[in-house]
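So that you can tell them apart, the chains are marked A, B, C and D in the order they are listed, and the count of residues begins at 1 in each.
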Amino acid sequence: MTPNQTDRIATQVINFLVLIVVLILFFLLGDIILSGFPHISWHFLTSPSSSFSAGGGIRDQLFNSLYLLVLTLIISFPLALGSAIYLSEYAGNNWRTGLIRTAIEVLSSLPSVVVGLFGYLLFVIEFHMGFSILSGAIALTFFNLPLLVRSIEGSLHAVPDSQREAGISLGLSNWRTIRGIILPAALPGILTGIILSAGRVFGEAAALIYTAGQSAPILNYSNWNPTDSSSFLNPMRPAETLAVHIWKVNTEGVTPDAVSISAGASAVLIIVILLFNFGARAIGNHMYKKMTGGK
Amino acid sequence: MHKKTLLSTLVAFSLAGLLLGGCSSKSSHKSSSEDTKAAKVTKITAVGSTALQPLVEQAAQDYQAANKNVNLTVQGGGSGTGLSQVQQGAVQIGNSDIFAEQSSGIKADKLVDHKVAVVGMTPVVNPEVGVANVSMAQLRDIFTGKITNWKQVGGKDQKISVINRAQGSGTRATFEGAVLEGKKAVTSQEQDSNGTVQKLVSSTPGAISYLAFSYVNDKVKALSIDNVKPTDKNVTTNKWTIWSYEHMYTKGQPVKAAAGFLKYMNSDKVQGSLVNKLGYISIHDMKVTKNAKNVVTK
Amino acid sequence: METYDLSQNHIVTPPEEIALSTNQLQVYYGSGSRASMTDASLSFPRFQITALIGASGSGKSTYLRSLNRMNDRIARIEGEIMYRGTNINSPKVNVYEVRKHIGMVFQKPNPFAKSISENITFALKAAGITNRQELNERVETSLKEAALWNEVKDDLNKSALALSGGQQQRLCIARALAMKPDILLLDEPASALDPISTTKLEVTLKELTKNYTIIIVTHNMQQASRISAYTAFFHLGHVIEYDQTEKIFQTPEIQATHDYVTGNFG
Amino acid sequence: MDDIQHKLTAPSKASREDVMGRIISYTCIAAIIILVISILYFITSRGVATFTANHVNLWQFLSGKEWNPGTLNASGQPQVGALPMIVTSFSVTILAALVATPFAIAVALFMTDIAPKNGAKFLQPVIELLVGIPSVVYGFIGLTVVVPFIRHLFGGTGSGILAGTIVLFVMVLPTITSLAVDALKAVPTYFRSASLALGATRFQTIYKVLLRAAMPRLLTAVIFGMARAFGEALAVQMVIGNAALMPHNLVTPTSTLTSQLTTNIGNTIMGTLPNNALWSLALILLLMSLVFNLLIRYIGKRGEIKS
């Protein structure tokens, strides 16, 4: 076989594999969105859920998912950023760094339920944080960190060394160089990491059942005081997220319309993630353009 | 300029994150005790059985609407979790599907039982198997693996696929207590939730499992045992023997706020309508009682 | 390849005022004990261009990068680097301050992914200059010094990455000049440029000697002979010969230098 | 002159900035290390209790095939044999990674080298979207589509390793793909142009240059995929069958470490043997993923080409 024939066959094999993946993707997304779309209505999005009668909505769960994402990122992003900077800029290439990396990666293979129980026993019980969004956010930080650290470190590495040299040669401190030159250049990669980890936050259920809880108390959306227990901004209140809600109605739900709630909620989840992806990308591009001074 | 803002935001975030992570234990502690002083809001947490959760959750919502000074949190986690945590004093109420006495590792004498509802359970099969009634002995043989084909009990020629519940789960303990007479169930598929079992039985040919009454729908077939139908009425007289209580345990006698809520759980408001709406049987309707050793008295 | 006696050398001390000098400089990479640069003792005259020549791997870039401590992260450097009466190769010295006085331009143009003016003002702002007017003035002066002003003065807010290679390299020079350094180190600055850009760059460098001391590493011997006053020849981590450029190229003292500049090398 | 000498030796804003930078990044890494150590300690201390407090024989635990922590066997020992779960967890993880890797790399190559413009624009968001689908949804699609399909083909219940593998394959695909894309993108363009300029075909370039240069990071992508597969519980639990039985083939119900853990942990009492035994499963899971990590890191190091 000549190299050219091999090339043609190989390309066809690759195209074929891609086609299969695309078909799977279409099937999955199509199945979720088509079966869920008919159940999405304004009423569904804006009314609270119901524990036994039909006609419940997902208003609070939807908000909780978003709020949990924000809190999780507030906790995990700075930690991941700092650690990624340490690993890519300060750490030497030795066994100690290898150990740290392995330790962080092992975190990502822990089953959700183990992290959930750990969070439950330590944060919920021991630290008296109760079933709360905050406990949930800390538990999710465990899953988020490996993914975030890895992707941020990767995108920092991808910035050419000549950029670091340029900064340092001007008498800038390493820190200033990292912050002002390397980070902006690495921004698109960092965003991908955030989007991926956000997906994980949206989709996680097992870890949250034991930490953020699986009840959605009625929220008061006009109460902006985060310390008040009925306020929607209070991080210390229990919060059932969309994914947990889907899990609950599917496993123990006794509402007559459990199937349609689950389908509708799944479709909403997908759409929210989609919007989030596009939004994050648009903001990223905008920031990147602003920083590079391009018009 | 915007770079500076970006950085300072990041720094602020990281500080906030570390502070929240590190100190929230103290702050939350403080704020909850301050709340108590200011508004005298008592916080009650009930954890445990997922089967009982919807009932308690709904009751808690109604109760809080009338009693502003009580803040109730109801969570699942499983009966084991509920019993462990109430025994440790980490939560005020532990919800359980089983008697504390039936659970090893729990000092039942330290806990006070509050029975709030009764759940009836029925064996369910895939509608295709062509069986509507079995004897108790046949049912036992199916679950211990002695009968392996539906034609042995008058159905069509189809292998029996047993789907059991998780070991240690309340539903399984109840079912095995009432049916197996101490024999060991065959090792088979195990699922831990009513919803999954219902879906599996409806889609797997030859499947048999058991469900709480409220999860039985037209996609699965509930079996009669010795020609007794699984109905609420038969449960109240113990003609249908597979049923259990739903318990809410407290460590010692409940203190004021928890006592108030537990009293509400036993009131006609809950027992008269809510319990039935959610598919349980009211404790008030029972004509018999059962103790931890499965002994029934009229 | 012929082997030369590396201990045989000829090194002069220029009579002019000295801007920077090294004494017995040794560079070790990694944890190894073998020196990549051995006993380099050179003095660089003020307001002149000094060229460092030699084959690839001769240690000239290593040496140059040691002068403003750019090699700190990857190498261990022994010996003295004397600047204004201070040994700047001492752990007590503030390297950031050193680099402000001794600027550097690299082989490949490496502008930041920012606008042209931000490329220049970024380090200035970090150094504490916030006055808008002063920043604008510095941008203009340095771009003029680097002979880039006329080409970019209307596009100062455009991305620096849109410039051509030659323009990018002059922007990098302007960026270094904006810090008002004393000495400018150039590491093969023209190697990535076309002949026209190279000529422009050489003219610019000559102009700069009015105010700056320049040390340049180059592969291009014509370039060295065209622009530099002094030339040092490096071979296998040793300085073999250091003298006035004319002498190095016409009547070198050492055989190795002769072979190299006449192209009979290796 | 003195002024300059002073400036050269005195600390400046820049050196203070650098100290601050170091403090920030060292604090972050320290915080993460504390998190990791605390959870590792937590799992280890509980997982070891089975052997120290309940005196279960370690070898019996690892090689036994009977899992009934509540009951004692003939010799009075509790029946805690984790072998079926260990074997199944290994099988589904490795199979899922084996199946997913070629697909993931093909998609990644398609996005970076074959159709970088349209392919990437379309596939990237869709793939990131897949990461966010909750496990539960995957599980139910598996239960309603994959399991009946397998039952139709092979008979039996349909649940088992094969169903688990298929569901996990789809779940880890986005993880491996997006990391593989990063890995391929990190290979400098001149590697590609140099190879093509030498007359190599695109496939030769991909096979001999790209994949090798990207190998360490591709392996990392696979590790992350396997890690996800290892730790996944809710979805697997619904399709694997959850029977603590040795898997005899790919289509009989069996149980993974995670599914056993998730199914039972809420029903056991903390501090008792059934609960401790579940934590021992978690410990095994942790150690197994640690071994995998180290192994692949080692392979990655050997396959690395120095640039």
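What to note about this one:
The rule we apply is simple: contacts are C-beta pairs under 8 Å (C-beta built on N, C-alpha and C of every residue); 3 or more make two chains touch, one makes a residue touch a chain.
This is a predicted model, so every value here is computed, not measured.
Using the average of C-alpha coordinates as each chain's centre, B ends up farthest from subunit C. Here the two chains linked by the largest count of contacting C-beta pairs are A-D.
Note: centroid distance subunit A to subunit D, computed from Cα atoms, is 17 Å. The mean-CA centres of subunit C and subunit D are about 49 angstrom from one another, to the nearest whole unit.
In terms of their C-alpha centroids, the spacing between subunit A and subunit B amounts to 31 Å.
Touching of two or more other chains is recorded for residues 96-98, 126-127 of subunit C. In subunit D, the residues that touch at least two other chains are 14-15, 18, 24, 27-28, 31, 140, 262, 265.
The set of subunit B residues that touch two or more partner chains comprises 11, 14, 18, 21, 50, 76-77, 88, 196. All chain pairs that count as touching, in label order, are A-B, A-C, A-D, B-D, C-D.
Note for the complex: subunit D touches subunit B at residues 24, 27-28, 31, 68-71, 140, 143-144, 147-148, 151, 157-159, 237-238, 241-245, 253, 255, 262-272, 274-275.
Against subunit A, in their complex, subunit D makes its touches with residues 14-15, 17-18, 20-22, 24-29, 31-33, 35-40, 42-43, 102-103, 106-107, 109-110, 114, 119, 123, 125-137, 140-141, 145, 170, 173, 175, 178-179, 182, 185-186, 200-204, 206-207, 217, 220, 223-224, 226-228, 230-234, 257-258, 261-262, 265, 282, 285-286, 289-290, 293-294, 297.
By the touch rule above, subunit C contacts subunit D in their complex via residues 83-86, 88, 92-94, 96-98, 101, 126-128. For subunit A in complex with subunit B, the residues that touch the partner chain are 51-53, 74-79, 81-82, 120, 123, 125-132, 134, 138, 179-180, 184, 209-210, 213-215, 217-218, 227, 229, 235-236, 238, 248-254, 258, 290-291.
Within the complex formed with subunit C, the residues of subunit D that make contact are 1, 4-5, 7-15, 18.
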